[in-house]
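Next come two complexes, and both contain subunit A; in the first it sits with subunit B, in the second with subunit C.
Showing the complex of A and B:
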């Protein structure tokens, strides 16, 4: 230490009673245990957006399951004499060109849209998780093959692909085939997201520790890696549900979707285009039903994303 | 507290007339707004720093040391704000300066060297551009040529000899040490009166750390810059600064001349820190060996005031006692000519581990010491069969790991378990503590559900954690507690060998001391063999019987710990020893 002529500070010691020592590294074990999912649930519960979207989705599901609760009219019972009539006389929203009740058709169309949405989401999640997980976790040639396969499917716009498939399968058109046609080309996005997440998680020390214990690779994937990488997939899935509903409407609108005998919002919108100028509500009302449904799922997706990403939660 | 502070203030005010302090922090309070409400991170801190002096703020993570430094230059992160007190720079209060005024002060009056050299340079701009940007912003020079000339001068000053050539290079072409030199150069570019260095070398290897700090010291002395630096390492602080401020939970618990505090710590917290600092302990152990009687009297006197569990000397002594009875035991692990070659795409091969051989006698600790890139962790991974060896033998329990069947390997795994460095990465965040500790048991089909649960309780007891943690998740635990869980998991199958890969490096000193003690106790109790992999020679002194020093994939020196410390043969070992912070301190008894 250099001898200095500078003024120096005195040796200061804080009074001990004002700076009490706390036990080193003491354990706090009060309250409920918390983890990512519980924290996310706690966070979600506080957000009005979650409740709004959850209640709407609940109502939509009830409508889809029990349409008779909401209308006593038969959507297939159409009278041409009522063509393009406005509301009144037992009709809430009026009649379309064919003289069918618009409200009843919207109510009965819900189950089609929702089924397509759910089936597509299931297909996308299944294929996406399967291929994404295998590619990300096993790497090497598995990854090369699956990722290129994904790229091929990714490079074809899924609406275009679905149009082609549906025109080939025109005899077998049903909710199932249309869902398959959409789902089979929509999985690569999910697979990519999961693959990236798995690449990140699989190098964690806890995976190494499990390997060192002797846990098999497949079990490590199922037990340690997948649960830690699944959060973004859940988010992307809720959004893909919304886009599947839109895709079905698009296909039906283009005339390659469900036959006009099937009640579907897409069909209604498609058939209403000729009346856009004279009777716009025939087009606007099913469109609103579609938008509200899609919006509910997108909102839910957003809430879930925020809740599962603690960083986003802190920034909000 | 105020009365004492006023007392010291009065004392100082008499000298104030002679010289005004360059920096004076009075009753500084910094608050953060969080979801749970207001949190006071810095609470009534007083610091006085005179021109040309050097001062170190020491504390553990969360003590408020970095927050204090950031408050001075008004770069508090997130919701932080100064809630009270004054920061006087040359007599002028800068705590309430406007944004514009602060921009003038930053760089020109106060330079700042940030902590992490890896993330504090923008990777898409050249080094020259970033240094020039700072020079231009502070108006030190104008005109392309002058700015460039100054940039080269600044970098040369910071120790980059070929600065003119490297100006066009990008951060990824610089090593960590070089980047830190660039940051120091940038901090000093405008010739500030005060330089704040926030843990400037904690991301660097010890030998690089030493060179950088030596350079920083001579540079600030030459330029007459006042130095304020932040560190968690008490030895480093005492060695590099004349004045010491010890912070604990947002408050200053002790401050004054470095050596005085180190030799005669008054506050119980400072005593704890001194007892737990490995860099100081390794020095003190040395003196124990030399003047045994004198020292033992000293530690006895200390024992009343410091907690035994964190006193590294006590840990080392406890170990020594337990090992005295130990005759030469058969080796638990034999490693022969172990080599690992990595194939690098495009550029051929890289030999990470080069013919490494060692044996670890049963029940002892072997430390594998080396800097980053020395291959020490690769050795650990090969031992754990997480990585295949290119050639060589690893013999555990009479079997060569490279030749066993997968069934035998599965059985061998239960005899050798790891504990990794990062306490936040080594536990699966979605599995509760009970399941995490029980996983080795269920994987190896040990016992039934009930007996496994019993074993988990037993293990929690062994690592001194409450049994109520069983149903909880890792995110509620601190780093040290997570590391205890990792140790419990490693011990679940009653292994003979535990591989500790930097297992205490990420922990605060006090927690580190606790875990070291736990490891020592467990070794004595369960007759464990440790392979202790670390970059920190200071810790080695406390825990290890034998040391292998690795450099660039080779073992350059292998000997008993005391021998390595007292009589190092290789230059590299000598360099490493000299680089232990506090190694040059003259600590009287």
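Showing the complex of A and C:
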């Protein structure tokens, strides 16, 4: 047997030296099969925007994990005598109204924003995948119930919902409760995207083949349908990380977010409002930190979308 | 047509019941005393607590409370604000201002967004297109309150082009800057949507036919390409109405626009829970009605939607 046929192959494959038509019937076993993920990675690697966002996110993660590497100052140590003073004397960016070091507060605020972003993304992905997969795959009444449930949650803008939840939970404010308040209303978009993709994938030949050889329904969903419909979920999840960071900052800005004892860019921006005329950098600098972080994740989401969605690629 | 409207209205009922129930559940089914929780770290006078308890019928079983609350909504009774003014009256006073602001913002984002999206789409890959792709990414990343403060600082304080806060009566010239700020939230999305749609439509057969029968570019672009590209853009505006409401809350708060958003903003800032609940309920209802109206409008404009299942 020539090496280019598989032992289990049922039908006859002509040996290479006998026929010039070999290419039609032979199976190339050694060549790497085409694969969405490998193609996507090849595409992503070539784009400068990917490397820019990857480096920015890497730096942001390092800052969040090891703030002491970047500043030796304590962000909670504030001296009123230094109130609204400019840079100089050991301070890189100057002081805010309370006389706290702006730079140290920005550095320490990074981990808050990032943790809320990650926890919300986890909640949204978990609920979205669970409900979207069940609704799309099992159809019938499961779909009807879950889709209507999604409609209801979708009809309340999630920041408004979070405002209500946080008003009620004002005694139990923490990174966890605020993430829950945002995440619990943000999942329907993910569920809808996954449901639509599963509806498309579940009629594929490979699903029928798996059914024919007796794979259980649940195993088909887990091993065959879900891996083949997860790409759009990854795209929307990357973007939802950015939205979650904005949502936390907005809630903190409105005063229903994290308590002022927690380092949060939203809190700092909110407190700096009164100094817009006199000391604008107390407001502008945390805003820049917030916007740059959000931009990094938006850029990553953009690259991922272009790589995984052929339609988006055509528009480039 | 009548069948479609009836079906769409019937579908709206469970969502309406569900959303109001959810809001009510979040507030009043929490462990502990919901009324005390609503006031956070404040201790309101006992009369206020009593009034709120009475207002929300908290001595009744939960489901009865909810039904009474729902009945109130159908009668147009949205509750009483912290200062004792009926929410309905406050709405009547503030809604026209918010409507003016929203119409102005939508006008700005549509005109600017569609123009730039059209030019980008027609010259795909050009320098104009490339630079607006970068600009739109940056705009998407800027939270609304950051845009508002930067506008207030640069345009209002440094250049002195606009007043930083809106004067009494909310004259239209004072609303221009808040409207521009509010427009930036969706502007970038409209540019990208229009661009994608223009590229897509530009490759359709009927555009090629129009070109090959000798029509001028000047006629093809507005009549054949632009008109057919606007459908997803208009749909987006309806879906995005929720973002617009949240944006209006923050923008009106920062620029002191005497609208619905500022009332909610101040209630949030002051921790006046019952007022927040009433206003969020009202906003969610407005959002549902707008989406319903847009869906019905579509069925009138586009026969394909009417007949599709």
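The rule is short, and it goes like this: the second predicted complex is superposed on the first by the 275 of 316 C-alpha atoms of A that agree within 3 Å, B and C clash if a C-alpha of one lies under 4 Å from a C-alpha of the other, contacts with A are read in each partner's own complex, and residues count from 1 in each chain.
Basically, contacts are C-beta pairs under 8 Å (C-beta built on N, C-alpha and C of every residue); 3 or more make two chains touch, one makes a residue touch a chain.
As the structure is a prediction and not an experimental result, all values here were calculated from the model.
Novice: So, does A:253 touch the first partner subunit B, the second partner subunit C, both, or neither?
Specialist: The second partner, subunit C, only.
Novice: For A:227 in the superposed arrangement: first (subunit B), second (subunit C), both or neither?
Specialist: First partner only.
Novice: Given the touch rule stated above, what does A:208 touch, subunit B (first), subunit C (second), both, or neither?
Specialist: So A:208 only meets subunit B here.
Novice: Please work out whether A:171 is in contact with subunit B alone, subunit C alone, both, or neither, and reply first, second, both or neither.
Specialist: The second partner, subunit C, only.
Novice: Which of the two partners, first being subunit B and second being subunit C, lies in contact with A:294: first, second, both, or neither?
Specialist: After superposition on chain A, A:294 lies in contact with subunit C alone.
Novice: Starting from the residues of subunit A touching subunit B, keep only those that also touch subunit C in the other complex, and list them.
Specialist: On subunit A, the subunit B and subunit C contacts do not overlap at all.
Novice: Please give the residue numbers of subunit B that touch subunit A in the complex, ascending.
Specialist: Where subunit B meets subunit A, its residues are 1, 4-5, 8, 11-12, 15, 18-19, 46, 48, 50-53, 242-243, 248-249, 251-261, 266-269, 272, 307, 310, 384-386, 409-410, 413-414, 416-418, 420-422, 425-432, 439-440, 443-444, 465-466, 468-469, 471-473, 475-478, 480-481, 486, 489-490, 493, 510-511, 514.
Novice: Inside the complex, what are the residues of subunit A that reach subunit B?
Specialist: Spelled out, the residues of subunit A in touch with subunit B are 1-2, 4, 6-16, 18-19, 21-22, 24-25, 27-29, 33-37, 204-206, 208-215, 223-224, 227-228.
Novice: Quick check: in the complex, which residue numbers of subunit C touch subunit A?
Specialist: 14-15, 18-19, 22-23, 26-27, 30, 34, 37-38, 40-41, 124, 137-138, 140-146, 149-150, 152-153, 157, 195-196, 199, 242-243, 245-246, 249-250, 254, 265, 268-269, 271, 273, 276-277, 280, 283-284, 287-288, 291
Novice: How about subunit A: which of its residues touch subunit C in the complex?
Specialist: My answer: residues 148-149, 151-153, 155-157, 159-161, 163-165, 167-171, 242, 246, 249-250, 253-256, 269, 273, 276-277, 280, 283-284, 287, 290-292, 294-295, 298-299, 302, 315.
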